[in-house]
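Below: one structure, written as structure tokens.
First chain written, first letter: the chains are A, B and C, and each begins at residue 1.
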């Protein structure tokens, strides 16, 4: 084996190789890196192509979408449909309402959810499994059958047709995800570190805030992404709880299903963008602790 | 100092003391109850009465409580095919999504060049609402859509992927669209969970000669169990709920149980049968969740 | 250090945090931005199931602004499901915020007794000249008018002129019979290599109206009473043959304008408002004609939309004013030009219509004035059983055409269901069935 390696390295003009060095692991590692990239690229194609198609169709002229075969390159660029879409009634208002709902839902669900997640992870209290099932209960029922009583509830408490109503609903929908995900991440935080902090004089709350929370940031980031995106895209609940102060999807998505194809693309594309922006900002929190050693 | 309690697989199993030892009885813990109280109050106030009202609706009839709605539900020609389709879809889709998501998470963890960009792109489907996802895949698979355009430009005959009499093709298109849309959920949860697994354990195993698959199976996956359990429960429950993509792609030709719920509620304006269907969905989801909770219970909990 | 003291601190902090959030609630309630154009105090909230698509909405809001005078209107087009939930929950809670509920006859039917009695308004509008049938429909099966007719529409055939080359010889495209239509579909399929005729058989498609209002009346002379007689068997056998020559992707079509525009389909039957986008860009490429005729006549369905006022609605006076304003002939003609829904009041449409709308108006007029025209109305007085009756017709299509079941057996089965519903309702028949009360399936 050393003959092949000797000749290779001699050709490269490197320093005298040590005899008997096995280069196979290096070759294997290089090959693995290449395979790794190939796998990543394949998956990326699968994930990205539909997004590319939405963007392409949203920025094509209406006529070009009626041809066959459809073109895969943007040779019919036109922002007409997007402009018309942006000018329809209530888009700006809906955008503002949706952002408010998203942010407040995020804050409220984290405030209520993180302590509960911590409790589920750290304390083996009686009723822990029933509690988890209770949370899932509400998520397991299709919300459509709750539409009329839910709307009635808000009508009678005077909260109907307000941003606050939608915030409350979305928080309730987000709590199961938030609590379960943060619980699973808190389980991964070693107890000893927390106990060490307490021994050194922190109160339980301080130990939590200063030690446990930073180590659970990826889970909290994941829960935040789910909450914001769920709230951003939620249509049915927002539609039945509001009349004149709607969120963007409630204002737009249900009418999109009857609109011509080009508008559906324009609408779908524009609605995706804010959620994409949010994930862009949150992604580094998701991977900030990768492969760290035991503290 | 004792090893951290999270990676229980690494700690030697210590049988509980005593001849007839059972898991120690869990006691009510006031701190825990205080922490979970806000969530309980919140959910009860918001959903309490609507849930009761919704559940009663399933038994409602012109003269008080009745099971007639369930009879009507079962006799509807679309009911059994919707149940079959839903179960088939879930049984096939969930394992695929988990394997794919795990593979994606491990790929990212190996830090290839451009990992950050890859991670972002792989998480993008999360941002897409299921209505938009249905729309996109519809334009891919429809008769004059992108896939057939591609085939036509290669000189091949276009295929009617969404034809109502081609069940395997319909199933495949719904499967592909759903895998695209929902794998990111599992992916993100697994990535978050992998974050807190220190690499020391795997390195130690590697030093002792464990192969990649051994390390994966015996070290990483057990440490990942809480995240996998959470992801499994959430994904399955949400999988029972989604139908917008299937509706966009196949209309009434590939019925799903929640799609039927919507059809009974808005199309046929019969909230009672719709509630009956919703109860079926909820019951199956809960049974599955209980199953997951028991099967994947973290063994360390018993020893606390 | 006392552990309980620390617990108190954390408890207190949590409590403070919780109270702040709760206090922020009412503040948040005032934070929302209005999304319905105008709105706020003193405006009329117009909830409607029509004109939801982006362009149609903009055009109708322009029409509203033009004719509403100084009444500010918040126009809210929504999905049928949301329409129902909103009205139902508001009526049940006794806190109605919707000023006018606008929808098709079938949308308003479930709410009949919960809508205001509009007799006084009808009297004020006596000069409008509503047809007798339409005025009767407006009662929704009760004794008094519950809605004021708003718009009307019907269904016609849209034909891409490319398809005319396969028309059977001797057939007049303006006066087709069903047999000629089938022969045409066959010829077109053979020549093109694939079926090019279409039908809106998707989940939200209106194909049930085809069976209810066109096919069955033309073959059997009735809709309900003749549901399972021999003529009906003939009708559905014909339908099965027609389906074999129709583009199977029709089970995914809700609106025919898209498939027509991109050439997937060359000839289609659909609602006038769901065909307009295909023809309006290049009206010269298209022709629109009345539906075919069968042994018993040329059956056609009239769809009426109305404006109703839910009981307990705020701003009732303003709502009445707005309804009157929208019933003026000018407003109705404007609606025709911008949204292709036809006027319900007696008025001369005039000749200066945009290309696509002119095509439709011609076809609609020809259909109504045909010598063998047979008017069919949508079900009257079925209340919330209306959608289930529609579903029975869709089931017939599914079983006979898609599943290839035996025609007679299917009709007997679905007919039994229909009979059960009709018997439980005890209402008189409506056109084209003969006058009979209560209406029964033979």
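Things worth noting here:
Please note the rule applied: a contact is a pair of C-beta atoms (placed from the backbone, for glycine too) under 8 Å apart; a residue touches a chain by one contact, two chains touch by 3 or more.
Keep in mind that this is a model prediction, so the values were computed, not measured.
Should one ask which of A-B and A-C has more C-beta pairs in contact, the pair is A-B. Distance from subunit B peaks, on a Cα-centroid basis, for C. Centre-to-centre separation between subunit B and subunit C, using Cα means, comes to 37 Å.
Rounded to whole angstrom, the centroid-to-centroid distance between subunit A and subunit B, based on C-alpha atoms, equals 15 Å. Taking each chain's centre as the average of its CA atoms, subunit A and subunit C sit 39 Å apart.
The set of subunit B residues touching two or more other chains comprises 31, 38, 144, 262, 265-266.
Annotation for subunit C: residues 7, 14, 18, 79, 81, 262-263 touch two or more other chains. Multi-chain contact residues of subunit A (touching two or more other chains) are listed as 68, 115, 144, 147-149, 204, 256-257, 261. Subunit C makes touch with subunit A in their complex at residues 1, 6-7, 9-10, 13-14, 17-18, 21, 25-26, 28-37, 39-40, 45, 47, 52-55, 57-58, 61, 74-79, 81-82, 85-86, 88-90, 92-93, 95, 97-98, 204, 254-255, 257-258, 261-263, 277. Interface residues of subunit C facing subunit B in the complex, by the touch rule stated above, are 7, 11, 14, 18, 79-81, 84, 110, 202-203, 248-249, 251-252, 262-264, 384, 386-388, 391, 395, 398-399, 402. Listed in rising order, the residues of subunit B touching subunit A in the complex are 1-2, 4-6, 26-29, 31-33, 35-36, 38-40, 42-43, 46-47, 49-51, 53-54, 57, 100, 103-104, 107-110, 112-114, 116, 118-133, 135-137, 139-140, 144-146, 148-150, 152-153, 180, 184-185, 188-189, 191-200, 223, 226-227, 229-230, 233-234, 237-238, 240-241, 258, 261-262, 265-266, 271, 274-275, 278-279, 281-282, 285-286, 289-290, 293, 298, 301, 304.
Residues 31, 34, 38, 77, 142-144, 160, 162-165, 247, 250-253, 262-263, 265-270 of subunit B touch subunit C in their complex.
For subunit A in complex with subunit C, the residues that touch the partner chain are 65-68, 84-85, 87-90, 92-94, 96-97, 100, 104, 107-108, 111, 115, 144, 147-149, 151-152, 155-156, 159-165, 167, 201, 203-205, 236, 239-240, 242-246, 251, 254-261, 263, 267.
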